[in-house]
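Labels run A, B, C and D following the written order; every chain starts at residue 1.
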Amino acid sequence: MSTTAVTPSGRAFISDNMAGASPEIVRAVAAAAAGNAPPYGNDPFTDSARRKLSEIFERDVDIFPVSTGTAANCLALAALTPPWGSVLCHPDSHINNDECGAPEFFTDGAKLVTVPGDESKIDPDALGPAVRRRAGDVHSVQPSVLSISQATESGSVYTLDEIRRLGVIAKDAGLRVHMDGARFANALDHLDATPAEMTWKAGIDVLSFGATKNGAMTADAIVSFDPALATELAFRAKRAGQLASKMRFHAAQLDAYLTDDLWLGNARQANTMAARLGDGLKAIPGTELLGSPQANLLFCRLPRHTTEQLLAEGYTFYHDRWAPGIVRFVTSFTHTPDDIDQLLDAVRRHTP
Amino acid sequence: MSTTAVTPSGRAFISDNMAGASPEIVRAVAAAAAGNAPPYGNDPFTDSARRKLSEIFERDVDIFPVSTGTAANCLALAALTPPWGSVLCHPDSHINNDECGAPEFFTDGAKLVTVPGDESKIDPDALGPAVRRRAGDVHSVQPSVLSISQATESGSVYTLDEIRRLGVIAKDAGLRVHMDGARFANALDHLDATPAEMTWKAGIDVLSFGATKNGAMTADAIVSFDPALATELAFRAKRAGQLASKMRFHAAQLDAYLTDDLWLGNARQANTMAARLGDGLKAIPGTELLGSPQANLLFCRLPRHTTEQLLAEGYTFYHDRWAPGIVRFVTSFTHTPDDIDQLLDAVRRHTP
Amino acid sequence: MSTTAVTPSGRAFISDNMAGASPEIVRAVAAAAAGNAPPYGNDPFTDSARRKLSEIFERDVDIFPVSTGTAANCLALAALTPPWGSVLCHPDSHINNDECGAPEFFTDGAKLVTVPGDESKIDPDALGPAVRRRAGDVHSVQPSVLSISQATESGSVYTLDEIRRLGVIAKDAGLRVHMDGARFANALDHLDATPAEMTWKAGIDVLSFGATKNGAMTADAIVSFDPALATELAFRAKRAGQLASKMRFHAAQLDAYLTDDLWLGNARQANTMAARLGDGLKAIPGTELLGSPQANLLFCRLPRHTTEQLLAEGYTFYHDRWAPGIVRFVTSFTHTPDDIDQLLDAVRRHTP
Amino acid sequence: MSTTAVTPSGRAFISDNMAGASPEIVRAVAAAAAGNAPPYGNDPFTDSARRKLSEIFERDVDIFPVSTGTAANCLALAALTPPWGSVLCHPDSHINNDECGAPEFFTDGAKLVTVPGDESKIDPDALGPAVRRRAGDVHSVQPSVLSISQATESGSVYTLDEIRRLGVIAKDAGLRVHMDGARFANALDHLDATPAEMTWKAGIDVLSFGATKNGAMTADAIVSFDPALATELAFRAKRAGQLASKMRFHAAQLDAYLTDDLWLGNARQANTMAARLGDGLKAIPGTELLGSPQANLLFCRLPRHTTEQLLAEGYTFYHDRWAPGIVRFVTSFTHTPDDIDQLLDAVRRHTP
């Protein structure tokens, strides 16, 4: 087999899930492979990851390493809503668009109800009526969970105040709060906040803690701040096929990810590269930066000719997917300043 | 974090899922981490694994790498039975005992109906009436799938004739056939058969192809011999949280597993060690070997004193779980002749 | 117990489900109670209902009497969509708003995706892109069923041309088509069409045939025009608790409903009363009729004082539910011209 | 349509669900049809049924009228077990054999685990280990509900002591207790106990209160003795399509059923007829009564010639279904002493 990747890393801007893994994580996995260990999470790696997450979040947490973000999100939701509940989420959210009905499957049929807002962020004014919509009416699903993405699917980041305000609205109406943190570290880096501030101190009950997109291989984790949910999450994870026998190989990824601030460094690198790209684009006449990149996603408007030439040079990225002329670049921890500068140079060369 | 495993490998006989991973697989994963690659299985590693499995099975197959055997089993079953169907399986089967209702969850409520037989193998004479039980009766679940484990949960192995005979009974009644191959390679080694003979040539429609227990880390695969199931399996895998974004890291494990007969070598090693242990035990007065190990599981009866002394020496294994005095040893590719000889020596020393 | 109803029939305009049952249906149920009969639909009443429906629809149909419209809708949808499918429906549809997640429950998690349009009717121009949205994309639910309500929840009625056009758009993209006919007879009366024209000739695969709101007690029926669905519907109905042992008591209601055009007469009566009410309101200064009632639902704008006085006189109806000042009146087969004239007189008296 | 039933009532012994309805119930339904009433159970009939059941059970109960016993059983179970739970039931139970996977569907995949015992009654000695089987083990479904049938599917009746003993075993292990009372009145008549003694005083949490088989048409009810379950049951009933809009027609049946001891009289009649048949059979040489009928089901062994001749005379009943030569007769409230004597005479005439 050829292990040659199809796109040179420096030209791959489709998604951060195209990146490989951090060397530290590779080494940790290799080290974990050497000996034997108890299965199903009763191993020292899982224990260490739990302790590190508890330290990082400044309180005891329950963790459930899983193999995908979809599994993390949907198991969390299943533990937070009854089947007759609704999950309030943004129309742009991953659970609403990109999980092929997994939330409905895992929750035994709970309903996703969208709440609008600019920049893929839920508008508190829209959330207000939504959390009480037909509450107590047996003919309607019952608002049960608020799910927010941090960072969002369009690269924006909720401020701490915004999260807190949404959290209060939800909690006052008796809802639980879930955070899809597929790009948790990127948001954290942008806000310069603590993990605790961005989660349980702001009302989050359960977090999908993403690692895969930011340097790990196949390891995300459910992090629960509510001890009352631990048993249910354990059984749900098992019967969803997410209790890995050799759990240590997921846990070792998480453990290394959390060691020596690797996770924060990776996120900072990705964010910085997106900012560098944004700054560069602003200086190129004929292109238009849309918004200002807060995490590692950047949207812009490029002339058709520019897009075509970039593709011809081997760059990969989404274009004309959200609207004609709109291009999305996603940076990752693997991108270097040189990569960005070369991309900017190519844009400059090909923009009339 | 301490990466010291709790039991020295040579003394760990609880299960083959305590073992680490083969160096070849570790190296493949490390190599896959280097570059970037398209997500969701559209990568060269997944492609290579598919081609290797097609070659090994002597026909085009569809493959779906998943993170656990439970996911493989239950996605396969969900694609083979309607919700009102029944899955005929042995009372000892993993799906019946050890998956916490995952089969019922994934299939939207299909029912497992057990069919007895010696040595954890389904008895064809019992299967005959079972496949037609209340067929067409709207008040009853409808026999829809036969699921057999190869090797079985007690370490026995169906002969090719036995599989074929069960397959014919099932197919004649319109059922589909699933094989739980968590220890597929161990069974193959014992039979000295080809993968094709042990599966689709004997009537198997979908196989749970186990790799995790036999040298991989977190990678099993659904192997489908029926092209008509490919679309459904793809959607089911996605919505069950089993479509990994960085699928290459599962696929690279499978790819290395299938390279240069690593998988067969690992299985042979495990089987040989079980046989060596069995032969040794037969020669020790006061112990009793139960059956004759066909794969890498071995059951025996040991005096209580012996069991206690082995535990005191740091050996780990299940005992008194199936019946008082019954001990199970599971060997893996990591065990060496020396490990076995030392265990035998310990048994000898502690058996009065 | 007192059997005095809380509102005199003539003043009850909340919903047609407040009405009692037609005397002919009461007599049929009483007659069915006399003897014994085979259970589970193998009785002469069910057989007769099936034959009558086949005659009315001008082709052999499969029927499944059920106890509620929700059960009819959701069993139909479950037979038409895979769990990873989406059901395209209007935002105002009953399945979307008033069934508490039953569609998601029965279908094992299929997703309702709304398609807008005026007067609660799906706009063909909006349906066009919806039926192909992300088709083949494994990350997204797949458009699988178009569900339309005839008459709609706001009392409008699709023309035959409109149904046909929607049907063609759906069928061309490989979707199946369901009709929620909770007020099927009211729509039929308005269109002056044949049942066949309004259903299978226009592309409908499965119909929820409502009878309860129009003179029956507790009997709706799934009517399937696709023989290939019969077995699945039978098993799904059974495991959803909808295969009544004394099915004849549902079937006898349907049978009487379909005898001597009782169903059409009841619908005509309800529709005529709504039209009479609409005509009357148009002539009362200070009130505003919204749209023109096509079936037996009528929306209007009344002064607050008028609404309050009507309520004080014992009239019951929904008001201020859709918007302030908006009143909904629903007529049924039990209303008489006198009832309507008295209501109009009351409106006139209380409108300044 | 011909309303001629296929078997004269007096010769129908297949099941009590072949019987029609009591005249009192027919009259109540007809009376309920006359006026209008609020939908969805907010009607005086439902209120009256609730009050009557509260009186009969000597405490406030929550009731949910449903259209079938399957719906009653499975909604009750869904409210009592998590999806990863197991429901302990007898191998002969209706939920295990005759509901086509409905329990698994309604509970989102909970598992039925059978516990043996003579005469279709669960053996306390077998229940003891079952309630704690693998408790706390995440790989296994968790014992969550004990479900017992009273009377059982073979016509036996648990004594009060037996129910209490099973209840204590279940409750001590943290399980909830459900009673399938499809033939509740028949059991009550046999025991000469109070409804309270046979249910909540003996540990029952939720009862499926059967009425359909004993004189009603299409009405059973969930009776919950645990107020904490009311909200969940209401939402589950709605989303399962069991919240009838014209609920009064179910409730009126229940209300009449409970008036003037109609339900007890009907059950006594059915039981007495079974006893009369049993006594008669005992006196006929060549036949063998199996057990002694406690409710309204009777099993016996008849010569093949006898069976054939009875069938030829138009009698209907199950035979050769449980074992060759075994015949089951089910009596209902519609049978008269004359019917029984004629059947006995026929048996006598045709038994050599």
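Definition applied: a residue touches a chain if its C-beta (ideal position, glycine included) is under 8 Å from a C-beta of that chain, and two chains touch if they have at least 3 such contacts.
Only a predicted model underlies this, so the values are computations on that prediction, with no experimental measurement involved.
Peer 1: Indicate whether more than half of the residue numbers at the chain A-chain D interface occur in both copies; give same if so and different if not.
Peer 2: Same; most numbers are used by both chain A and chain D.
Peer 1: For the pairs A-B and A-C, output the one whose chains share more C-beta pairs in contact.
Peer 2: When A-C is set beside A-B, the one with more contacts is A-B.
Peer 1: Based on mean C-alpha positions, I'd like to know which chain lies farthest from chain A.
Peer 2: Max centre-to-centre separation from chain A belongs to D.
Peer 1: Could you grab the centroid distance between chain A and chain B? Build each centroid from C-alpha atoms only and quote it in angstrom.
Peer 2: Between these chains, centre-to-centre, one finds 33 Å.
Peer 1: On a C-alpha centroid basis, what's the spacing between chain A and chain D, in Å?
Peer 2: 52
Peer 1: Could you put a whole-Å number on the gap between the CA centroids of chain A and chain C?
Peer 2: Centres of chain A and chain C (C-alpha means) sit 43 Å apart.
Peer 1: Scan chain D for residues touching two or more other chains and write them down.
Peer 2: 83-84, 99-101, 105, 108-109, 138-139, 235, 238-239, 243
Peer 1: Enumerate the contact residues on chain A facing chain B in the complex.
Peer 2: Listed in rising order, the residues are 1-9, 12, 14-15, 17-23, 25-26, 29-39, 43-45, 48, 52, 66-72, 74-75, 99-102, 105-106, 212-213, 217-218, 235, 238-246, 249-250, 252, 255, 259, 334.
Peer 1: Along chain A, where are the residues that touch chain D in the complex?
Peer 2: Contact set of chain A toward chain D: 40, 82-84, 108-109, 138-139, 142, 232, 234-236, 238-239, 243.
Peer 1: If we count contacts the way the header does, which residues on chain A are in touch with chain C in the complex?
Peer 2: Residue list for chain A touching chain C: 83-84, 86, 97-101, 104-105, 107-112, 138-141.
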